[in-house]
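Here's the structure, in structure tokens; my notes come after.
First chain written, first letter: the chains are A, B, C and D, and each begins at residue 1.
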């Protein structure tokens, strides 16, 4: 017989807890459901509307996304005749998977993590870069001109946001003298938050996050009025649900990463329950949510840039800024030593 | 995909950025090399149907294709018809027509501004414009009794008098709108992303604009000071003071600005109209005579007139008439050929959108794919009115 | 050999699909599905004629159709409602049929305005098509043009039809 | 300021024998009747005078006379004096062979107007850059709908 105690211990076994509960699948699902609702609700608030409401009136229609998910779940899945069937189905699943995997490397606190590695920050970023490749495959497999153009745009964008993003992370790594997320957070708890140490790197990271996750004003690869739904134009049903959540997963992971790198991770308050993974988890999540909410709020302020303008911002703006951030980090390190 | 280096992209009619038409675009990489609008998706043969209808029945018919700007299109038709009938509206009716035309111009411009906003991705400006559009629609509704299909102007006058308390509501609406326009400037006009998207995009030079025969705000944004309200004043416009907004640049951004400033001008006109409006009958005396005295007495009290029965059998003289009117989107031209029967022999209406259609073909090439919605929105093109 | 395998795979797929549909059509799952669908009616961006102006007003702040979970969305593949906004011309009717066929099931049609019902003011035009001749219309909205309130009403009617009358059936069971 | 009569005389002088009748019905309208072969030359001269754009192109069917009347309404944007009038350039064509030289080369603004007239009235404009169906479906095979012998239902007893 497995006792209750064993079950609890199994659930709180770090690799399982992190992948399944937090920051893994369950928390992810709740956050996405909440985030998409919040996105529509914030936009509605700015736009003098109510937004989704009647589905659950007392709570302002918070489960609207659940209804949308149900519809996707029970909708017919259409595979266009001219599409390459295997890659058409596999590419979104794999892109979802690779966007999700980096979660494993995210620690909850200094004593609670799935695995400890000196390079956990690098692992997260490296895994995140794999996912966009499948977007290119999607565009090819759909055999639709809008998908094709959309995935090409994504292809152009990959370089423009990834190089500055990596450089800004590198700047922080130099500053903290480590690539281990746990040590990064611990270092911050001794000094000050990273955003105060190197605000330029934080800014670059934030902008690149919005570029990477197709937030406004960089919603280039899914630009509705130009190329319908970008790479995902041909997708129906639950596979489209995967595609749609793809950018939100990336937003989720990058926001948590932002919290670890720049906002002191789980460390604003000294909490008494050291063993408990819940409290530090919540603190990290709140910090991440603030970043996510900034991201979704931009929708109601900005229209979108053109693709060439975005690339220019990436290369001429963010790239240069990230170099400046690197120099700043170097000089700080030299100054301290 | 075709074998040569060009890629043909068909945009629409089911496309978030196309409206009721199709663009046949030939792309060279990300650059448009050929652009052909394919219209006719909303062609409902207004001109042919008009030949089977009585003159008064055409009043609602011409409104339908141009749902966003019904008052102005109607005014044009009525002016042409009045020229054929040899009749004129009394001064009060002229002022009321001007009032409705300008209210309609405001909400038509808000419509255009909003659609342009959503085209380049700003859903907020779309929602705001449509929210504030409702205020003007409600004012017009108070005046005419209908939400957007007013059928307010009739030969020889208008259908209803000014309702009680209209002036207060109007001044309230103007005060509100002036505040809101400042918000619009913050979120849309001065938004860095908007300026980056629209400045120097879709330039129509002055010479080209004249050659292509563009109309309305698009023409004025290219530096041509042509406004029918000044060139050939109709209704109460000769007695009203307003400016023609002209800009030199001719790009998408200047078209937005012209529209934006014209909203302010329209509010100025509306203010003057309610100040200057003379008292008197609202239908021409020759039609008024036909109303039985008792009904007439009642109508003078309530301000709501029942149309005389003669309207169903209006028989204009044999001949033809042309009228032009500055509608929200530009100049509307109505041309009626009458053979003396109660039905028109030939009815022709050329709408501003149809005149602006040519701008697509000659403006788009050389721009990027992402500029299509930016330029399309800036032209304020309303497909049903072009197709009729 | 390969051919026969693919054919048997196909027939197996069909069989699987039929079984899945049978399971989904059972009571508790069906109710959950109908609830989800009724609050998630997404029309495709497909404006057929001038009623589109009033349709846009219906999703704008004063009337805000998004309260019902009604969100105009990009392409037919991700939507489940065809909203016929006014007259269908012959050219547009072809497009409307195509949009309808591109949509995944279960899908619905709302026809707005007098024109799709009987032609409206354009009843004697040579270039129009009545909606019921090409699409299975679920809800009609009379009016020329209907007010945005009527659009909101039509959404509620369609929700009722899905929830109470089992409107969301897959094509194979119809 | 130029009065309507002065303008009329000016146009008569300019066009000479090309136009066989110039008159004005309304205070803003000057009607010039032209023979089809002279149309292009007249248009060229009008354009030279400053009438720089076409407002309307209309084709009207007269089945009893077996003619189609083609009207170009022309006006000006640049010259304020000319902008106040509209010139109606009228040509009568045989219904059996409604062919005329396109004026797109002179007034590019006529391109879509002429194309629509071709589509709905069936007038063939020679030298037009793209004379194809515009409003009607491309598989339209009946007579042009704006001809009087194209019957649609009408209200009343015969409906």
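Quick notes on this structure:
Quick note on the criterion: a contact is a pair of C-beta atoms (placed from the backbone, for glycine too) under 8 Å apart; a residue touches a chain by one contact, two chains touch by 3 or more.
Just so it is clear, the model here is predicted, and its values are computed rather than measured.
In this assembly, the chain whose C-alpha centre lies farthest from chain A is D. For the pairs C-D and B-C, the count of C-beta pairs in contact is higher at B-C. Each chain gets a centre from the mean of its Cα atoms; for chain A and chain B, those two points are 46 Å apart. Centroids of chain A and chain D (each the mean of its C-alpha atoms) stand 62 Å apart. The distance from the centre of chain B to the centre of chain C, each centre being the mean of the chain's C-alpha atoms, comes to 32 Å. In chain C, the positions touching at least two other chains are 60-61, 74-75, 91, 124-127. For chain D, the set of residues touching two or more other chains reads 136-137, 145, 150, 152-155. Within chain B, contacts with two or more other chains are made by residues 15-16, 40, 43, 45, 48-49, 52, 127-128, 131, 387. Taken chain by chain, the contacts fit none of the simple shapes, being neither an open path, a ring, a star, nor a full set of pairwise contacts. Counting only pairs that meet the touch rule, the chains in contact are A-B, A-C, B-C, B-D, C-D. Chain D makes touch with chain C in their complex at residues 136-137, 145, 150, 152-155.
Chain B contributes residues 39-40, 43, 45, 47-49, 52-53, 83, 209-213, 219, 224, 226, 231-232, 319-322, 324, 331, 333, 335, 337, 345-346, 348, 350, 354-355, 357-358, 361, 387-388 to its touches with chain D in the complex. Contact residues on chain C toward chain D in their complex (touch as defined above): 90-91, 123-127.
Listing the residues of chain D that touch chain B in their complex gives 25-26, 28-29, 52-56, 58, 60-61, 71, 73, 77-78, 80, 83-84, 86, 88, 107-113, 116, 120, 133-137, 145-146, 150, 152-155.
Chain A makes touch with chain B in their complex at residues 43, 46-49, 145-146, 148-149, 216-217, 219, 223-228, 299-309.
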